[in-house]
Each structure stands twice: as C-alpha cells, then as structure tokens.
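In the two complexes that follow, chain A is the common piece, with chain B as its partner first and chain C second.
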Partner chain A sequence: MTAFSADASRTLGGPDWLTRRRSAAAERLADLVWPSTAEEIWRYSAVDRFDPDRYAPVPAGELGPPGAEAVPGGGLLAAEAGERSGLVVVRNGRVVRHELDPALEARGVRVQGLATDTDGVAEPWLGRCSDASPDAFTVLHDAFLAGGAFVHVPRGVVVSAPIVVLHWSEGDGRATFPHTLVVAEEGSEVSVVDRYSSRGRDHLVDAVVELLVGDGAHVRYLSVQEHGPETWQVALQRAHLGRDAGLRASAVALGGDYARLRSETRLDGPGAESDLLAVYFGDGHQMHDFRTLQDHTAPSTRSNLLFKGAVEDEAHSVYSGLVRLRPEAQRSEAYQTNRNLVLTDGAGAESIPNLEIEANDVRCSHASTVGPVDDDQRYYLATRGIPPEEADRLIVMGFFEDVLNRLPVRSLVTPIRAAVTRKIEQRGGVRA
Partner chain B sequence: MAASDIDLGSYKLGWSDTEQYVYKPKKGLNETVVRDISHYKSEPEWMTKFRVNALTRFERKPMLEWFARNMPDIDFDDIYYYIKPTEKQVSDWDMLPEEMKTTYERLGIPEAERKFLAGVTAQYESEVVYHKNREDLEALGVLFTDMDTAVREHPEIVQQHFGTVIPPGDNKFAALNSAVWSGGSFIYVPPGVHVDMPLQAYFRINAENAGQFERTLIIADEGASVHYVEGCSAPVYSSDSLHSAVVELIAKPGARIRYTTIQNWSPNVYNLVTKRARAEAEATVEWIDGNLGSKLTMKYPAVVLTGPKAHGEVLSVAYAGPGQHQDAGAKMTHVAPETTSIIDSKSISKDGGRTTYRGLVRVEDGAYGVKSHVRCDALILDEESRSDTYPYMEIEEQDARVGHEATVSKVGDDQLFYLMSRGLDEQQATAMIVNGFIEPITKTLPMEYAVELSRLIELNMEGAVG
Partner chain C sequence: MSRLEVSGLRAAVDGFEILRGVDLEVESGQVHVVMGPNGSGKSTLSHVVMGRGDYTVTGGSVRLDGEELLGLPTWQRAARGLFLAMQYPVAVPGVPAGEVVAAAARARGVDPAVVLDRIGAEAARLEVRDEFLARGVNDEFSGGEQKRMETLQLAVLEPRIAVLDEIDSGLDVDALSDVARRVEAMTEEHDLGVLAITHYARLLDKLRPDRIHVLMAGRIVASGGPELAQQLEATGYEGLAADLGIEEMSLRRPVAVDPFAEPGF
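The block that comes next holds the complex of A and B.
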C-alpha cells in the first residue's frame, strides 16, 4: 500500500469538514485488507488480479485548485449532453466546472463541488449511504475523495431537465475517486446523469454514488460508463428511499477492462418504490460485474429490477443480486430479472439471483436466463433476406431495446442507443 | 437446543427404546476408533486404508464458513461414531430383538414390505439389522444387500466403484463418512434388467448423541432401471445426533435410477448428507427428496452428466417448522453435450421455520446443446418464518440454455376464500392448498409414500392459521 498513504491523503486540502472525513478514513488505510474471491460478494470477480501497487492517487499538484477547468466547457462530452438544467464537470475526481439554470439557483437548488463547499452544506449528507455499506474500496475512496459533485434539491422543488455530471479520469497508473452525492429533499423531483469516461494505461476508478431520496421525492438517475480499455472500475451506487419516495435508476456499462458496480437500494419508508435497470455489453477480454441489493426495511414497499447483458469474444459478465425482505416489510413486492446473451464461444455469463425473505405477506419472484441467440429468430430474419451478421445485430439491439426504451432520462435514449450500436458494430458485428 | 424447545406433539416418531447394544465404544473420533470399526467388520485391508486416509482428510479440511454459520454448536467429540445394536443380521422378521421389532412395527416397515416392496433393508444405529430381498430379483442377478456384506461378498464390484463419485476429500462430511461409515445399501442391477417395484431401506437412530453414517452405492448397468426408496426417523432427545450419509449412484449408458427420500428425522438431528450421481450416455437419474424432519438439513443432491444426452432431475419438497432449518437444493454439472436437467423445488416454512434453496447449475466448456431449467417456489405461512433462495448458474459454454425462476408467496387470500366458501375451515383449506402446492412432487412417489407425505404435511399443519 505504498502510494495510498495517510500523508498522500493529507496533501489534498479542501474545507475542514472534508479533510476530517478524509483523515478518519486515512487512519484505517494501514490495516486495510484487500478482498479475495474467497468472499462470497467477490466470488467470480477479478479482484484476485487487483494489485494496489500498480496505482497511485493523483497528487494535489496535478489536480490543481478546485474549480480550475482544464478543458473549457466540459470538452467533447458536454457537446452531446443535450438538454440540461445543470452541468458539472469532474476531472480526476474533482469538480472543475459547474453551472446551473439561474432560475433553479434562485429556488435554492445547489450544484457544486464538494471541495468548494466551504459552508459544509454537504457535510451532514456525505457518507449517509456509502457508510452503510463499506468495503476496502470505499475506505480507500473516502481517504482520497478529492471533491466530487454535490446536487441538492430543496423541499418541493421540481427540476425538470436533467443535471448532467461528466466524470473524466486520466493518467497512467493513476487512481481517481469520483463521487456524486444527490440529495432530493421531501417532495422534490430531479433527474441526474453521470457519464464516466477515462483513458490511460492501468487506470483505477474507485467511484461512489449516493442517492438520498426524501419522503415523497422522486429521483431519476442514469449512469453511463464508457471507460477506456485499460480502466478498472470498482464502484458503489447506493440509494436510501424515504416514505412514498420513488427512484428510477439505470446503468449502462460498455467500457472498462474490469468494471464492477455494486448497486444497492434500501427502501426505508412505507410506500417507497424503486425501479432498477441495466444494460451491459462486453467484448474482447472485458468483464462486467454487477452486485445488486434490493433491501426492503419498511412495509408496502416495491422494487423491480431488470438487468440485461450480452458478452462476446472472451468477455465475461457477472450478475449477482439479492432481494432482502426484512420482517417489517409486510405487504411488499420485489421482482428481479437477469437475462444474458452469450454471443460467442469463449464468452461466459454468471447469474446468481438470490432471495432472503423474512416476511410472509409478500409477493416476490426472480428469474434469470443465460443462453445464445435464438435460432428461430435468426431463421425468421434470414427468410426476410437479412444477412446473418446484420440479423444478429438486430437481435441484440432488440434484446436491449426494452431496457433502452425505459431509460429514465428520455433525452439520452437516442445517444445511448447509438453508443450501444457503435459498440456492437465496432468489432465488425456479432459473430455467430 | 434445549429439551423444552422441542415440540414432541407434532413429531410422531419420537419415542426411544431401551439401549441394549452389543458394542458401543467411547464417544469421539480418532484413528483407534476408525481401526476398531474396520476390525469389528473384518474388512479387507484396502477398506481399512480407505478409512484411515479419509480420517486424515477430515481432520485437515476446514469447516466451511457457511456450514459453520448454520451449526455453531456441533461438537465432533461428543458423538458415538459406531454402535452395534445386535449380534447378526436377520432375514426373518420374528428373529429381531423385541424392542427393535416394536419400533419397526410402529413405523410400519414389515407391513410396507408385505404390501408393495421388492426388497427391504432396515438399519438400526450403525448396522443393518434386517434384510430381505425378493427371490425372483435374485434370480435375475440383482444384488441388494447392506454395504458391509457387499464389501465382503462382492469385493470386485465394490472396490471398482466405491468412492468414485464422491471421493473422501470431496467435503468435510464426506470425509467423515468415509472414515466411519457403517451400513447403508448396495444395489447392483445387471444390464437390461428392470426392477419393477421399488427397493426400500429404513434408517433409525435410537441412542442419544449417536451418529449414523450409512453409505449407499447403487449401480444400474447398461439399460437397467431401478427405484430405491429410503425413510428415516429418530427419537427426540435433548442433545443432538448427527446423520451424515454418503450416497453414490452410477447410471451406466441408457440406465435409469430414481432415488426417493422421505426424511423425517426428529428435530434434534443434524442431517448432513452428500448425494451425487453419475449419469453416463443417455442415462437418467432422478432424485426425489422430501425433507420434513431434522433440526438442520444441508443436502444438495447432485447429478454429474458425463455422457451425451444424459438427463438429471431433482424434485424436492422441504417443510420447516419451529426451530428447523431446511437448507436443501440441487446441483447439476453438465460435462457432456446435449445433456438436460430439471430442478423443481417447493418449500414451506411455518412457525419460525426457515427453508433455503441453494443450488448450482454448471455447464462446462464443450458441453454444447445443454438445456437446464430450475424452478423454486416457496410458501411462507406466517410472520415468523423465512425463506431464502441462492441459485448459482455458471455457464462456460456459449450454446447452453439455462433458466431459473423462483417465487415466494403466502397462501393466497382468494384461494382460501374460495375453499372456505365451499365449507372448509381455514385449517383444512390451508392444508389443501399446501398439498396442491407440493402435488407436482407427490405425484412422482409410489402411492403409499405419496399418502404418507401428504399426511405428514397435514400433521405438521395442524393448528395452522394461514
């Protein structure tokens, strides 16, 4: 654990409250034990290949002062961000630019970087979700959190166009720690989009997303991951939902060498509802690894999950999900579906949908499938004169379509569909 | 578990007999105990070696974390590993010692034999005490004996197959069984022979703190078929007993084996059983598993599909009442192409009981054209009970179609309402719905067993309010 020292953590600076949180985590670095695949939650993962010595945090000097933008206007990514009410650009885990519709600013909506939050507005919220589900990577994250994005929507305020957060990480052998903290207070509504990109040899992205959805609030959240081919991502996305709160969250995973996302939702308030979607497509030697948790701790809560993935070449994917209905969660419903297409020999998919049910007056089901492209569908398209490669591409896109079509941020459905298509076509189509 | 926690009322097989044993060594496990068992049985040298080797493996193997979590209070030194209840095995019912005869008569064993079975084995503690085979089957070359006799009388078949499906190092409890095994059944069905009626065995633990480690090996040679049925029970004691069997099935090309278990151990028995079958080309193996008793059952019948077009099936019903945990499941390993498997699991938990389905479907690289379907349904009858589902799928072959689905629910209000509007009370209606829920399994059983299973479930349901 050479480069990730308490000293390195201290150089990051920022407001006192943030430094205190960092140093509390940094004290634990010395005793940090990296997980192995012997632990159930890491089973099938690539964590045994993880070598912390290959990475070092980005030094304070390279990060520059908070708010100093290296690429004006958010660079290329911002150009296709589309309609939005706010934009945050995060470079190597620190916010370098943020803007917000002045009308919303006037109503008290806050969009800014944690490192420039000198009033400590974010302090009571930061870590509310991630502290409830720690592992070695969240401790590392907390020790080197340079200053991620903070979105705060006050009571009753409705933000109609999405707030777009662009995370850009780069540097050979660097580790970055992007953070997105969304606080939607009682009765508010907001849509947030996180877009992750990275480049560099041996890059590690250790990200955390916290979604605090207050009583009666509604959050739509979309994360799109297009990391570079040598990037490792180990991320936690965790949401806590209050009474009658609603969350529609989805993830699109296309990039990375090994890209892991823990997606956890805790339904704390009666009447809370969450809808979770994901699309992932891996090729080459990529590995996409999802661990989901739908944790129902209150009565009359409802959650629904649909994760769809495809793998080709030597790519692998893991879906491991748990639905937990605690004894208090009477009259709740929980559904979980994972479907996988294995497109080539050599690719593989693991699917483990788990249930732990401690209440009886519930409805709960899960389903999962792993299989190749259906020959009947191929045959049908062949009889219509569609060449085999084109047919497979259509079938894969059709397979993803029911998720793409339901993505919570409408304005991004078309660009994301294009990105998925690009990814499928990039390797000369799907080989049968 | 304290004595006061045990509900004697609902467990009908919980009496115990006076102990009159020929041989009952000290508690605990070491090489002397293992060598003594082998010596007592006048075993050949290879079996003694097999046992001692297995003991080393048992001592070396760590307790798996999730095993340890399920049974924090097991003490391997507080168990009798071998108890010899009687001097010799009999085939005339009247020659059994009076206590045992009463026990088995209360369990309905001779009656079962008279009625519909092709052969019966009864095991009491560590040894098979009664054995009877139908003569016409013997004439066809069907071998049906207890395992100890088989080691002595059919050494060539036994040595060739024993421990080949479940080697001693497979897991800690298989190693334990391999070291101290005693009793169990041995069946060999020659090529092309169909045994048209089920062969049966009944296992009974009587002494307190006793361990029962029977070992069963069934070989169906090419194109043969056989159905084997086992039942089990034990008295209710304040301290726990351990049942840790190893069952190996070998279905040669085109053969068919069906293995039915109605497990009704008393709620102080740890039931940790390793069951695995090898299905060769075009063979079929079916495990039918009813788990009603025991304090904790951890049992995952497996089929390794080694030959093309082999088929494996596990149909299981689990019922967990107060203080019970049924951690059961199934394992299908598809090694050969065009193999297929079905897992159908139904579980019911009530009065604080906990049911767990834990399963694995694995498709090896090169096993093209595999189809597998897993279905788990759980009924939770009250607020105190719980149900877990952990289905693993590991697919290394692109051309495999594997699916899993599960549901967890309570007894439907509309179903209850419908039945009660037809004049049933709530308890009868709930029992009827539960019986309907497990019907896909009961209909595969011989009729007497189907009736017994339904009755056992109804007994357990008494006093139930859905």
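The block that comes next holds the complex of A and C.
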C-alpha cells in the first residue's frame, strides 16, 4: 500500500473543495481492508488475486496541471466518438480536453473537468451516489480522484445528441481513477456515452460513474469498456432517480483481464423507471463480473434489467443481481433477466439472481440461464448449408441482438456489433 | 439432372434400429411421397438423409448424383444441393431469414445479394408479411408462418432435392395450399426433386406425386402411383398392413425393465 499514501494523494492539486474530499478519503487509506471472496458481494470474483502493491497512482508530474490541454491519442479517439453535442477526453483520470455545442453552453449546460471546477458547481453533487455504496475501492478512488468528467444539464434543457466521454488510461503498474458525474436537473434530457480503453502491463482502473436523474428528467447512458488485456477494472456505476424520472442505462464489456462493474440503481421518486441492459463477451482468460442492484424505495416505480453475456476459451463471467422492493415500493414492478452462452468447455458463467421483497402489492420476476449454443439451432442452420463456425456466429450475434437493438445511443451500435463479431471470429485464436 | 439414391439405409438411435433397409430414388422434377403411421420411422428417414448427429447409420448409402453423402456433415450435404424443410423448424432468435439465406449463399460461394434479391418476390408469392422477415427466423411464429418461411428459404436457395418433413402439419388449409403450390411450381420451374414425408393424404391433392411409398416399421412395404394413396385413404394404414400381411406397423423401443420399480418388491 505504500504507493497509495496520503502524501501521494495531496500532490494531485485542483480546487480546494476537491482536495478536501480527497484528503478525507486519504485519511482512511491506512486502515483500508481489501475485500475477499468470503464476502457475498465478492463471491466468485477474482479479488483474492488483487495485489495493491502491483500498482501506483499516476504521479502529479505526469498528469500535468489541471486544465492542461495535452491530448495524446485524444484526436484518434475523438474521431471514433461519432455524432455528439459534447466531448470530454479523460486521460489517466484527468480531463485533458472538453468541448460543447455553444448553443447548449448558452443554455447553461456544463461539460468540464472536476479538477477545473473552481466554482465548486459539482461539489454538492459529487459523491451523492457513490457515498451511498462505499467499499475499499471507492475509498481508494476518492483519495486519488484526479479529475474526471462533469456533465450538468439545467432544469428543462434537452440535449439531443450524446455527450461523449473518452476515458483513456495507460502505464505499466499504474492505477487510474476515472469519474463521470452526470447531473440531469428536473425535466431535462441528456444522453451520455462513456468509452473506456486502456493499455499497459498491470493496469488498474478504479472507476466511478454517478448518474443523478432529477424529477421528470430522462437520461440515456451507455458505457463501452474495451480495456487492454492486462487491465483490471473495478467500477461502480450508481444512479439515483427522482419522481417520474427515466433512465436507460446500458453497459458493453469486451475488454480487460478482470473487469468488474457494480451497477446500482435507486428509484427514489414515485413513477421512476429504469431500463438496464448489458452485453458482455469474454475470451482468452478474461473475467467479467457484474453485480447489479435494482433498489425500489418509492411507490409505482418500475425497473427492467436484461444482461446477456457470452464466454469462450477459458473466460469466465459472473452475474449476481438483487432486486429490492422496500416497504414503501407498493405498486412497483421489477424484472431481472440474465442469460449466458458458454461457447467452449473451458469457459464458465455464474448467474445468481435474487429478490428481496418487502412490499405486498408488487410485480416481480427473475430469470437466468447458462448454457451452450443450442444444437438444434446449429442443426437447423446446417440444413440450410451453413457451416458450424458461421452458424455459431449467427446464433451468438442473434442472442445479443435484442440488447444491441435497444442500446440507447444508436450511432455506436454498428461499431459495437463489429467489435462483438471480431470476438467471435477470433475464437480459439492466440491472445496477448 | 440430379438424383438422390437411398439404398439399404439402416439407422439406429441408442442402439435401437429404426430404419431397417430403406430404398428410394428421387430425380429432378419428381415428387416422391413417403407415407406412414406414427412411429414408422418417417422423421428418422429425413434426419438420417440430412445427417443429424443423434442417429447412427448402421448400413446402406445415401448418394446425391453418385456421391456418397453418409459421412458428410449436414451443412455439406446442404451445400451440395439437399434441403430439409423441418416438421418443427427451430427458432433462432435475433437471426432473420434474410441473414440465414445470405449466410447459406456465402457458404456456397454465391453472392448473398443474389438470394437477398429474391426474398421480396418470394415473400409476396408465399404471403409472408414483412414483420416475419424482420424477426428472428421462426421466433414465435405460428405453424403456418413457420412452414411458409421454410418454403421461402427453399425457394430462395434453389436446392436440387428437397426433403419436406411433414410440411403439411400444424398449418391451416390456406397456408398448406400456398406452400404446396409453391413447391409444385418449383418442381416445374427449377426441376426441383421432392421427397415429401407425411402422415396424411391431404398434401397429395396439392402436391401431385409421381410415386407414393408406404413406410412401416422402418421399411418401405409398398410403392406405387397416386392410386396407392387412394387405397390408403380407403383402408387406412391398418387395412393396408392387413392386406400385406404385416403385423408390426410401428416401432416401439423396448423399455428397460426395472425390477425395483415394481411396488412391493
């Protein structure tokens, strides 16, 4: 733990409100206890292999001062961002470039870095979600939060094209702490895309995403994770929804060595609705690990979750999800479905759906499947003259299609579909 | 001109022989119908010809234009010009029929655009609505929709010989008529050879057969022209079996006796 010291945390700079938040977390570093698979929420995970001594935070000197516009790789990534109304490039956890449609800026929309928020606009919001669900990794995150993206949409403003955030992390033995804070005030609408990529031997990405969806606001959110093969990701994505708020959040996970996403949604206001989707596909020795929580704390709320994954080669995946309907959540509906395709004998998937129902007037269901490609489907396609590898490609793509079709940002569906196809076609291939 | 020759075909499932020496020959442009009671081995015949993995071939041969198909995987049999329209077509969620035929074309070295171009016209001819072309093939289709979609793929892919496994089951009269008329037209327009397997004679009104074969207990016990179907209509399978002096019409797999299952043992 020597590299993650309070001293190292102090060197990161930025506005006072942010350094205060960092030092509060840094004070807890000395007592930090790393989780183990003995804890239910870490069961089946790779956390027992986690060794903090393999990583160090990116030194302040390498990060550069907050607001410095240095964008190695940013240009290329920006070209992939597609149609957008705003762009933020985050390198090693600090915003190095941001831009926004001037018409939206004029209406008070804010897209910027946390480390340059000298007015402290983000201060009352930062941590609202993540503080409600702390663990050792969020404490570490808070202590080394170098910057991160802040998207603020004022009351009633509609942002039609997505705001794209590109998180780029690199460095051998480095730990980075990307953060995305989205605040959609009452009656506003916004789409946000987080694209994560990284490279480096032994790279740790400890990420947090906070989505605050105000009363009557609608947020569409898509995260695409294409980390390098030696990256470990431990991420928390948490959303709080107000009255009649709507969230469509989706995750696409393709990269990483071990990549964990804890995705939590709290429906705090009556009439709130959330639609949660994920596609994940692991190969080689990858492990994708999802923990979801659909937490209904208000009446007449609705949540619907559909997570679909595939594993091949020696890859593994975990889906563990909880639907919680609290006593106040009468007349609510919650649905949870997890389906997994296991494409090779060496691969495996765990699926653990759970319900915790404390209200009596609710509708609730959960479903989970883990299995190989259906032989009957393969045979059917073979009777048309389709060889087995091609049949599998069709079946796997078809399996993901209902999720891909519902991804909230349409412009990215084609590249995501292509990335999934590449995974299938690399099957059995040698991986770095 | 193509020819499918099935000779002395024997096949077993889990060591129990279901086909006990089947001989058949279907040529381009011909319609052969195999009829038989439940359990006679009809569906087994279609799957063994197509090479489904669950069956073990214990003897005989299946040749297409002289080439032995036994030993080839299903997709290669199809690529050589064989097609199986299934009794229970399998749903492949998220994979529409267009993608299926495009992939089938690619595997044959045919430009997918060629087959995709034909889909619209075939859909109109078979009254397949657009929504069924957009959806995953057979995914929550009714029996009639499934059989129309099987026929659409058959028409678009233009195989040389088509095996139709109970294409007449699970669909209404209108769908049956559309499907049979389309298949009949293919035999004329494209010289398609047809091996239709059915339980009922009603298919025969629409699909004018050249030859009828009656399958009982894994063997073809009678072959003849369309008049054989009329005879069957009059006597039923039991009557025909009695006329032929056949005791066993259907094959029932022996059930393993478990002495411990007896109460009081």
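For this structure, a couple of remarks:
Just so it is clear, the second predicted complex is superposed on the first by the 422 of 432 C-alpha atoms of A that agree within 3 Å, B and C clash if a C-alpha of one lies under 4 Å from a C-alpha of the other, contacts with A are read in each partner's own complex, and residues count from 1 in each chain.
Convention: a residue touches a chain if its C-beta (ideal position, glycine included) is under 8 Å from a C-beta of that chain, and two chains touch if they have at least 3 such contacts.
Treat the numbers as computed from the prediction; the structure is a model and nothing was measured.
Once chain A of one complex is fitted onto chain A of the other, the partner contacts of A:Pro134 are absent, as it touches neither chain B nor chain C.
In the superposition on chain A, A:Ile395 makes contact with chain C only, not with chain B. In the superposition on chain A, contact of A:Gly200 is made with neither chain B nor chain C. Of the two partner chains, chain B is the only one that A:Glu356 touches; chain C does not reach it.
Once chain A of one complex is fitted onto chain A of the other, the partner contacts of A:Gln330 are limited to chain B, with no touch recorded for chain C. Using the contact criterion defined above for the overlaid structures, shared-chain residue A:Gly228 touches neither chain B nor chain C, since it reaches no partner. Of the two partner chains, chain B is the only one that A:Thr369 touches; chain C does not reach it.
In the superposition on chain A, contact of A:Thr344 is made with chain B only, not with chain C. Residues 374-377, 379-388, 390-391, 394-395, 397-402 of chain A are the ones touching chain C in the complex.
By the touch criterion stated above, chain A contacts chain B in their complex at residues 327, 330, 342-372. Of all the residues in chain B, the ones that touch chain A in their complex are 378, 380-383, 385-410. By the touch criterion stated above, chain C contacts chain A in their complex at residues 50-53, 73-75, 78-79, 83-84, 86, 89-95, 99-101, 103-104, 106-108, 136, 153, 157.
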